[in-house]
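You will see chain A twice below: alongside chain B first, and alongside chain C after that.
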Partner chain A sequence: MRQSSVRRVPWGFLVPGVLLVAAYALWPIIVTIYMSLENLNIFFLANWLHAPFVGVGNYVAAFEPNSPVGSVFWPTLENALVFSACAIGIGLPMGFLAASAMNRNMVGRAFFRVLFIVPYAIPVFVSGLAWRLMFMQQTGAVDRVMALLHLGNGQTFWLIGSNSMVALIIANVWSSWPFFYLFILAALQSVPGELYEAGRLDGAAAWGLLRYITLPQIAKPVLISVSLSFIYHFNNFSLPFVMFGTTPPNQANTLPLNIYLFGFSNMQFGAGAAMAVISMAIVLIPMILYIRTVRVGN
Partner chain B sequence: MIVRNLAQKFFWGAVVGVFTVIVLSPIVEMVFISLSPMSSIDSGALMPVHWMWSNYVDAWSTVNLLAYLLHSILVSVVSTFFTVAIALALSFVLERFYFRFRSALAKMILFSQMIPGIALLLPIYLLYSTLQNATHTSIIGTFPALISVYVGISIPLATWLLIGALSGIPKELDEAAYMDGANNMTLLVKVLVPIALPGIAVAAIFSFLGSWNDLLFSSVMTDNATRTLAIGLEEYVGAGNGGGVLLWNQLMAGAVMSSIPAVLFFLAAQRLIVQGLSAGAVRQ
Partner chain C sequence: MKTMGGVLAVLGAGALLVSGWRSAAQPPVSLSVKMELGTPPSTTMRFLHQVVAGFERKYPNIKVSISTYTGSPATLVDTMVASHQGPNILEIGTTFIPTLAYSQAFVPWTPAMQKQVVPQLIPAATQMDGLAGQRPIGIPDSASPFVLWYNKAMFKQAHIGAPPTTWSQFVADAKKLTNAKKGVYGAGIAPGDPFYSMHTTWLLSRQLGGQVINAKGSQALFASPQVYKAAKFYLDLLTQYHVVNKADVQFAESDLINAFMQGKVAMVPVGGIYDLTQLKTDPKFVVHNLGVAPNPWVPYGRTKGLPGVPRIESFVSGQEQVIFKYSSSPAQVAAATKWIQYYTSAPTQVLMWKEYGDLPVNKGSFRNRALQTPLWKSFLYIEQHSLPTPKVPGWLQLPTVYDKAMGNVFDQAALGKYAKGDLMKTLTSVDSQINATLAGMQN
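Right after this comes the complex of A and B.
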C-alpha cells in the first residue's frame, strides 16, 4: 500500500490546473453545444445567450445535402476524410520504410536519422508557405521540374480547381510522414534482438521475420500512431489555411477550415458550432481507440 | 550469400537516397528562393540568378519580422512557464495522492487534450467578446488573452506527460523527504523536479511549439500590436495578394529564420519527442 494514500491531499496544487482546464476545455464545449442549438448569426453575436433557439435545426441543415450549410458540410467532411486517409495511407508506409532503413547499420546513419525528422520539425506555417510558392502555376518549382522532365506542359494550376487537393496532400505528406517514422523507429528499436535470432534458427526468411516478428511487435505503436494521426489530420486547420488562405478552392476546403470560415467570415456561429460538435463526435472514435490502446488510468 | 548482402545494401542505400532527395529538395528550394532576386522568381529560374544575401537583412523591415519574433518569443515563453508550473502541481496531486474521482479527473484531462481546436476557438472568442463588452476593456488582441488561451489548452498534454514522468520516481523518496520534515512544496521542487527534468523538458517543448506554431487562435486573437510570427507571415501574403507587392524572396528569408528555433528545439530533444507524441500531442 502506498503511504501517501493517508496524507492530506494538497488541494491548492490541484485547483489552478483544474480551473484552467474547466475554463478552456470543458466550459467551451458546453458553450459550443449551446451555440449549436441557436440561430446564432451576426445580429445576435453580442447577445448570444438569447439568440433564437432552433433546437437541432443547425444539425438538420448540416445533414441536408441541398441546404446552404449541408452543401458545404458534406464536401468539406469528405475532403477532411480524404486528406486524413492519404496522410495515413502514404505517410505510414513511408515512415515504415525509412525507419526500417535507419534500424540497420549503415554509414552516416546518425546524420540521416536526424535529417529525416527535419520536415516534421519545420513549422507548418513555414513549410505551407514554401509549398504554396512551389505550387504556383508555371513559375513554381513543381511546374518547372515537371516541364524539365516533360511531364505535363508546365502550366498546371495547382492551387485552384481539382488539383488543389493533390497539392494539399503532397505538402501535408511531406511535412507529416516523419511522425510515423519516429513512432516506428522507436518501436523497431525496442523489439528484442533474441526474437530475430530465434526466428533465424527456426529457418525463417526475411519475409517470415517481418511477418511473424516485426509486425506483431510494432502493431500497438502503429495503432496508436494511426489513431493520433487521424485526430491530428482530421482537425488540421493550419495547412489548408496557410496554402489557400480564407478563400480556399472547394476541392481543398477541409472541415475545420470550413467551420472557421462559417464562424469568422460568414458570422454564422450557430451552424459552425453544430459542425464542430459533429466533427468532435467523429474524432471520438479514434480517441477511444487510442485511450483503450494506451490503457489509461491503470 | 555475399550477393544477397550486396543486394540488400544496395536496396537500403537506394531507400535512404530517395528519402534524402524527398526531404531535402523543398528545403533547398526554400533556401534558394530566400536568396533569389524577385526577377529570378518571376522568370521561373531553377537557381537564383545571383545570390541575394540582403534578403535576410531586408526581411526584418519588409515583413516586420523583429516585432513578430519578439511577440512570438514573449507569448511562447510566458505561456510555457505558466503551463509547466501549473501542470506540474496538478500532475503531482494526480500521481501521488488518492482521492475520489481521481481517475475520472485524469481521464477527463486526457480527453480534453484531444478536443478539436476549432471547437474551442468559437466559444472562447464569443466568451472573450462578451467579457469585453461587459467590462468595456479590450481583451481580444491583447497578450494576456492570447497567453491565457495557450496556457489553458496546453495544460492537459503537459499534465499527462508530467504524470508519466512522476510515476517513474519511487515513492520511497517522498517518504524520506517527509521524514526530513519537507512539505509538499519542498518535496516537489527540491526532490521530484530534478529527477523529472527530462519529462519536464518534453512538456515544456510541446507547450512552446504549440504556442509558436499556432495559427488558429492567433489568427483571431491578435491585432497589429500583438501579431505573432505564424500569423504575421500569413498576413503578409494576404496583404500582397490583396494588391500589395509580395516579396516572396524576403518572405522566405523570414520564414527560414523563424523556423530555426522550432527546428533546433525539436532536433535537440528528438529522443524525448516520441514520448510527447505518444502521449497524444495532436492539437492544432
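Right after this comes the complex of A and C.
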C-alpha cells in the first residue's frame, strides 16, 4: 500500500506538465480539424464556432478532382511530393559525399566544414530572393552564364512553366543539403574505428568497407534525417512563397502555398483547414517512421 | 462700473474653473493605432511620431499608442476578427474594405461621425468605403491613383507629342517605341504581380461597359463578352501586337519599374503612385523623363468611348482607416473619430505628402503651393476621376483566383504554348472557382 503510493508520486509531478504540453500541442490541431468541418469564411470568422457545419464536405471537395477545390488540391499535392522527393533524392547523396570527404584528414578541412554550412545558415528569405533574381530570364545570372557556356540561348524561362519547379528544386537543394551533411557527418564520426581495422584485416576493400560497415552503421541516422527532411520539405511554405509570391505558376504551386492562398488570400478557411488536415495525415507517415526508428519512450 | 467689472471677472473666473474641472474630470482615453509601415521605415516612424505629438497636444485626454505592420495584412485581419482582439484603429488598403465590412467586425460610421471628417475629403477618394448600400466602415487617409507612366525622352525621340488617350493610339505609339532587337519595348506589364491583372482587366472591361462581378456580388462574370474582350486585349499586347517583352510575364511591378527606369520600357499602364518611391531612387529620371497621364479610356478599335459608359481612367485606391468594433468602447470610437479627423486634416496630409509622397485626400491640402506642380495636378485630376471597384463582399477573393489564372495564361503565351480558346477556358474556370467561393458566403 505504502509502496504503491510512493510509486504514484512521480506521476503526480508529471501530470500537470504532460497536460500542459498535450494541450499546447493538441489544441491547434483540434481547432484546425473543427474548422475543416465548417463552411468558414470571413463572414463567420468573428463567430467561427458557429459557422455552418458541413461535416466532411470540405474533404469531399478536396478529393473530388473536378471540384474547384480538388482541381487545385491534387496538382499541388503532387508538386509538394515531387519537391520533397527531389530535395531528398539530390540532397542526400550530396550530403553523404561531402560528409565522407570531411570525415578524413585533409588540408582545409575546417574551412570546408564551415563553408558547407553557410547555405543552411542563410535565411530562406534571402536565398529565395537571390535565386529568384538569378533565375530571371534575360537578366538573371543563370541565363547569362548558360548562354556564355553555349548551354542555352539566354532566353530560357526559369520562373514560369515546367522549369519553375526545376528552379525551385535547385534553390531548395542548395539551401537544404547541409542538413544531410551534418547528420551524416555526425553519424560517420560515431562509427568505431576498430570496425574498419577489422574489415581491412579481413581483406575488405573500400567498397566492402562502405557496404558492410559504413552504410549499416549510419543507416538509422540516415533514415531519421530522411524522415525529418520529408516533413520539412513537404511543409515548406517559405521558399515557394519568396520565389513566386501569391501568383505561383501551376507547376511550382505546392500544397502549403495553396493552403495559405485558400485560407488567407481567398479567406476560405474551412477548405484550407481540410487541406491542412490531409497534409498533416500525409506527414504522419514519416513521423511514425521517425518515432519507430528512434524508439521514443524506450 | 468697477463693481460690474468685478462681477464679470468673478463670473469669468468661475466659468474657467468649471470648464477646467470638466476637462480634468474627463477620464483619459487610450487609443491604439496600427499603421502600415511605409518605405523607408524610419520616415514612417518620424512622420507618425510627429502626428501623435500634434494630436496629443490638441487632445490631451487621448493617449495614442502607435504600432506598425508590414506585408499583407490578411493574416493580421483574420487573427483580429477571429480573436476579437486588436488595435482600435487599423490602416488597410481599399481592396480589403468591402470584405472587412462583410465581416461585421468594424464600426460603421454614423452620419454624425461622417460629418466630422468626410466634408474635408476629395469626394472621389471616399467612394471605396464599405459595402454598396451600407454605412461606410473606412475613411481614406491617403490616395493611390493608378496612372499611365511614360518616358518623356523616349516619346520625344519617337516624335510622339502626347500620351495616348485611346487604346488604339496606345498600341500604335507602343509599336513606334518598340525596338525588340535592342530589348526596348513600347509598353510593359506585370502579370506576375498580385492585383496587376485584376486591376487592368477591371479597368478595360468597365471601359467596354462590362463588370467582372454582378451587382449583388453573387456571380463572377469573367467569361462575359466584355470581360473576355478586355482580357484578350491585355493578352494581345504580348501575343498579337508584340509591344510587350516576353520577359514581363515573370515580372513583379518593381521589376517592371526597374525596366522602365532603364529605358527598356516606354509606357507602364495601370502603374501605382507607390512606384514613385522606387522611381525617386533616380532623381534625374524623375525630373527629366518621368511623365504621368491618365490611363487611356477609349476601347481598342474605337475613337470615342462607348455610349452610356462613363469616362473611366483609374479606380479608387489607397489606404483607409477602420475602427475595430470588438476592442473599442464608445469613448474610444469618439476618440478614433477625432484621430481620423486630425490625420486627414490639411496640415497632416501635407506633412504626409512631404514625408512619403502619398497623395493627400484632403481637398484643402492642394492649396499648398508645393502641390501645384504639373505632376501632382495630374495625380489629383486622375484621383478626382477615379471610380470604385465593386463594393461587394467577395471583391478580395477575385484577384487571388484571377491573377493566378491569368499569370499562367501569360506564361503559356511566353512559352509559345498558348492555343486559341485557352483564354475562354481559363475565364470559365475562374468563374466556376469564384462562384463556388461566393456560394458559401451568406449575408
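Just so it is clear, the second predicted complex is superposed on the first by the 273 of 298 C-alpha atoms of A that agree within 3 Å, B and C clash if a C-alpha of one lies under 4 Å from a C-alpha of the other, contacts with A are read in each partner's own complex, and residues count from 1 in each chain.
Criterion: a residue touches a chain if its C-beta (ideal position, glycine included) is under 8 Å from a C-beta of that chain, and two chains touch if they have at least 3 such contacts.
Bear in mind the structure is a predicted one, so any value in this text is a computation, not a measurement.
Q: Do chain B and chain C fit side by side on chain A after the overlay, or clash?
A: clash
Q: Which of the two partners, first being chain B and second being chain C, lies in contact with A:Val21: first, second, both, or neither?
A: A:Val21 sits against chain B, while chain C stays out of touch.
Q: Touch test for A:Val283: chain B only (first), chain C only (second), both, or neither?
A: first
Q: For chain A, which side has the bigger count of touched residues, chain B or chain C?
A: B
Q: With the two structures laid over each other on chain A, which partner does A:Gly245 touch: chain B (first), chain C (second), both, or neither?
A: A:Gly245 sits against chain B and chain C alike.
Q: Just checking: does A:Val56 make contact with chain B only, chain C only, both, or neither of them? Give me first, second, both or neither.
A: neither
Q: For A:Ser265, is the partner it touches chain B (first), chain C (second), both, or none of the two (neither)?
A: Touch partner of A:Ser265: chain C, not chain B.
Q: When the two structures are overlaid on chain A, which partner does A:Val114 contact: first (chain B), second (chain C), both, or neither?
A: A:Val114: touches chain B, not chain C.
Q: Could you say whether A:Ser67 touches chain B, chain C, both of them, or neither, answering first, second, both or neither?
A: second
Q: Regarding the shared-chain residue A:Leu210, is it in contact with chain B (first), chain C (second), both, or neither?
A: A:Leu210 contacts neither chain B nor chain C.
Q: In the superposed arrangement, does A:Leu129 touch chain B (first), chain C (second), both or neither?
A: A:Leu129: touches chain B, not chain C.
Q: Name the stretch of chain C, from among 76-84, 130-138 or 364-372, that runs into chain B once the two structures are superposed.
A: 76-84
Q: Which chain A residues are contacted by chain C in one complex and by chain B in the other?
A: Chain A residues touching both partners: 45-46, 48, 138-139, 245-246, 264, 269.
Q: Give the list of chain A residues in touch with chain B in this complex.
A: Touching chain B from chain A are residues 2-5, 7, 9-11, 13-14, 16-18, 20-21, 23-29, 31-32, 35, 45-46, 48, 94, 97-98, 100-101, 104, 106, 112, 114-127, 129-134, 138-141, 143-145, 148, 174, 179, 182-183, 186, 221, 224-225, 228, 231-232, 234-238, 241-242, 245-246, 256, 259-260, 263-264, 269, 272-273, 276-277, 279-280, 283, 287, 290-291, 294, 296-297.
Q: Within the complex, which stretch of chain C touches chain A?
A: Contacts found on chain C: 72, 74-75, 78, 81-82, 84, 99-100, 102-105, 183, 191-194, 246-247, 249-250, 252, 255, 326, 393, 396-397, 400-401, 403-404, 407-408, 411-412, 414-415, 417, 429, 432-433, 436-437, 440-443.
Q: Report the residues of chain A in contact with chain C in the complex, numbered from low to high.
A: 39, 41-43, 45-46, 48, 52, 67-69, 71, 136-139, 155, 157, 159-161, 245-250, 253, 261, 264-270
Q: Where on chain B does chain A make contact in their complex?
A: Listed in rising order, the residues of chain B that touch chain A are 9, 12-13, 15-16, 19-20, 22-24, 26-27, 29-30, 33, 41-44, 46, 86-87, 89-90, 92-94, 96-99, 103, 105-127, 129-130, 133, 148-149, 151-153, 155-156, 159, 171, 174-175, 178, 184, 188, 209, 212-213, 215-216, 219-220, 229-231, 233-234, 237-238, 241, 248, 251-252, 255-256, 258-259, 262-263, 265-267, 270, 273-274, 277-278, 280, 282-284.
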